[in-house]
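Inspection log for the structure reproduced underneath, given as structure tokens.
Chains: A, B, C and D, in written order; residue numbering restarts at 1 for each.
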Amino acid sequence: MTKVVQIGDVKIGGGNFAIIAGPCSVESEEQILEVAESVRKSGACILRGGAFKARTSPYNFQGMKTEGLELLLEAKKATGMPIVTEIMSVNHLPLYEDVDMIQIGARSMQNFELLKAVGRTDKPVLLKRGLASTLEELLLSAEYIMSEGNENVILCERGIRTFERYTRNTLDLSAVPALKEQTDLPVIIDPSHATGKSSLVESMAMAATAAGADGLMIEVHNDPENALSDGAQSLTPAQFDEVVRKVKKIREALD
Amino acid sequence: MTKVVQIGDVKIGGGNFAIIAGPCSVESEEQILEVAESVRKSGACILRGGAFKARTSPYNFQGMKTEGLELLLEAKKATGMPIVTEIMSVNHLPLYEDVDMIQIGARSMQNFELLKAVGRTDKPVLLKRGLASTLEELLLSAEYIMSEGNENVILCERGIRTFERYTRNTLDLSAVPALKEQTDLPVIIDPSHATGKSSLVESMAMAATAAGADGLMIEVHNDPENALSDGAQSLTPAQFDEVVRKVKKIREALD
Amino acid sequence: MTKVVQIGDVKIGGGNFAIIAGPCSVESEEQILEVAESVRKSGACILRGGAFKARTSPYNFQGMKTEGLELLLEAKKATGMPIVTEIMSVNHLPLYEDVDMIQIGARSMQNFELLKAVGRTDKPVLLKRGLASTLEELLLSAEYIMSEGNENVILCERGIRTFERYTRNTLDLSAVPALKEQTDLPVIIDPSHATGKSSLVESMAMAATAAGADGLMIEVHNDPENALSDGAQSLTPAQFDEVVRKVKKIREALD
Amino acid sequence: MTKVVQIGDVKIGGGNFAIIAGPCSVESEEQILEVAESVRKSGACILRGGAFKARTSPYNFQGMKTEGLELLLEAKKATGMPIVTEIMSVNHLPLYEDVDMIQIGARSMQNFELLKAVGRTDKPVLLKRGLASTLEELLLSAEYIMSEGNENVILCERGIRTFERYTRNTLDLSAVPALKEQTDLPVIIDPSHATGKSSLVESMAMAATAAGADGLMIEVHNDPENALSDGAQSLTPAQFDEVVRKVKKIREALD
């Protein structure tokens, strides 16, 4: 049995299944409030949204930064949902005081100074697997956090880099049972980044649930075609609602 | 909706879900009959077993060859299950007359002469994805078979080669919805070769089912520890029985 | 020191360095004769050319087949160069009687029946590494040939499949010293397939030479833009002449 | 022609070839002084050495940190060689004032905050390619540095992660000509990390030189067997001396 990590009032692990949803990037007050409200109604229990964005090119949208964080906190207040958002630098930590769970992105999985810094807080940490990181390396990065005293770590598989080009990355779903053989930390799946295609998210969300994941992290946007980042992999609120419905059926079958 | 491929009395595709099971290699009359009977009782509807084996080293067990084929046919007679077994050479085709489905193994996915040869028969063909083949290449290999007139092709994802070392290969489960966007051929999953570890098979079999696969191919051995090949990934009959039970629950939840 | 493999009058290995050159596919009498004559003048000592082609799609040019073999033999007669060409099926072996070296292509590296069949001849065999094959697997495939009695095997690294997309494949040049630590078979490099870009061939040919390769295999076409296959990676005769000149300089520096 | 980047009195690029050498980690005053002196004599012109180390596990040796930096500065003073050493955190920048070139390690290639921070200095930056980063991503990370005003960037290929297990990583030497088609920044090769085996370093150093690299970065240790990190890939001073001799021969042949 995995251990329980508590994010606000929400529990993940130990039999508790949680769906995290929200847009790739916070883009405006209207957008984050609308998406937050809709995913909450569908059954998400934690709100995600990027404020500081890790983008491959310096010329891409870099996120709304502190303003984005404020909008997330506003959405938290409006909906009652705890929030998770990525951190990019040790020096931004003070800004994350009211954030419920700190996300370490795939590109930061081996940013050891950052791992140690969040390890010195008591905040839940969502640690994403690097694009070319083995499960052993993921576990050792978790160890960097825990060895500083913070054991509230949730692992997230979000697709690895392979030769296949139909999907953005290759979802390594065997990571779920493989990690559970080696750790009691909760393991969640992000089918949005893993596939990079909204049309594949439903199927992979159901598969992840059946595989025994402790939760899902899914990108939802109120207007995917005009999203400032990752529109191709974002579900509409209606699509997300359908995914949650089907995931619940799988969960019931597992009981 | 995928098309239906019929193997003996068994249908795969078009809503029909089928479980193929059996040992990696046929090893003796006793072994194949015992495994065949037990997987049939648990709910498998097609028997698998290797007679001519594709082994990386010439010094490994190469299969019982024609004697293995005869034992498979005996097991077919005893249990009433249609059989599937791998072919290694165009010149072996005459030996496969009573085999119900011919398997093209991962290492033969781009053996174009072999593809064309089975394409000139009317036998169902189980085409496994190569270890480093893209989905596009898999579909083009299916095209080699179909362009010769044989449209009874079933695609099988069995894990791709990546940097991860905990598992033997990396199961690319997104291949299921990705292939269904591009073809109406049935798609099945082989969690045994994909993971290489019997402890991960159950979880991946359930995930594959939830992802929408049309069937599963699972290695079962009556004595995995002493198997002549692939023992580490083979289920015992009792483990297989449990997997089938859980897969059925997932199937029911999907209806 | 590597062992010597003799192809007609040409030696590879044991300090003998050989350049194999010619078009991807034999396309016409005029083409193969023109290319053969030009590469011979520049310093190539073995002529390559595809007659039976392994193409990913059944709808691509499949080679001139037996007619292509005849044109290669004509070019051999005209230039005095021994020839190497790929074999696709065990059943084509009788057609290869006058071919000096048989090539096992990357997609056939684990076509074990084919390996055993060429192992029962005494012809030199050029064994190309599979796209996702480890060096260990390449050596075991060579073992399939040698265990049948034919020790005239030359290994060829031609690029492996990775996530990088600028090049067609990734040339694994460390294969040269790595293989030499494990075998005394000659090792050659094919920079054309490895990079897929004619602009990168010169640099990689020089690097391969400096790394200690026993030879090179380079695609040359008299009209790359209109080549029926692999035009993007084919050198013009003038470019090839320049490559040979620079490779010779590296060879001299190594003495 | 690539642009010239100047590190102390040493030029890299624009026809200037430079060899960087030294131990993986600074371990003691004696060790760094001894190695520095020996590599200088053999022909290295920049000294490398790790003070803050990026280690996969928190339980591995993490480097001598500030003390290591001081010892590097001492070795610089003793030998007159400029030094390069890796930075792990934005907050360590003040400690690097007297360091001649700052190294961004493979695991930090997409630590965008760190890239921007070194971009706001005028120090030469050695940017290593990430283990699973495409050349396009490497160039975009360089862009992060340059867009802040610092154009003194040197790119370093140090092996990418593939399925091959004989070597620690797979050296992608085609990166040299491929990068030179896309940028005028100098490109150097690190054969030590790329292969992970000291026995393969000489061959790959020679190949990199022949491929047109602007320099090399090679790990040298006075006692590899007892090194605190990366001993298996470290050359002895005598081996390094031999490598430099052979690399010079290749350089001469290129002129």
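What we mean here is this: a residue touches a chain if its C-beta (ideal position, glycine included) is under 8 Å from a C-beta of that chain, and two chains touch if they have at least 3 such contacts.
Keep in mind that this is a model prediction, so the values were computed, not measured.
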Of all other chains, the one whose Cα centre sits farthest from chain C: A
Chain copies touching (chain A, chain B) - same or different residues, decided at half shared: same
Centroid spacing, where centroids are CA-atom means, of chain A and chain B in whole angstrom: 35
Distance between chain centroids, defined by C-alpha means - chain A, chain C (Å): 48
Where chain D touches two or more other chains at once, by residue number: 132, 161-163, 165
Residue numbers on chain C that touch chain D, as the complex places them: 132, 134-136, 160, 162-167, 170-174, 176-178, 181, 194-195, 199-200, 202-204, 206-212, 249-250, 252-254
Residue ranges of chain A touching chain D (in the complex, touch as defined): 54-59, 88-91, 107-108, 110-113, 116, 130-132, 137, 140, 143-144, 147, 161
Contact footprint of chain A on chain C as seen in their complex: 132, 161-163, 165
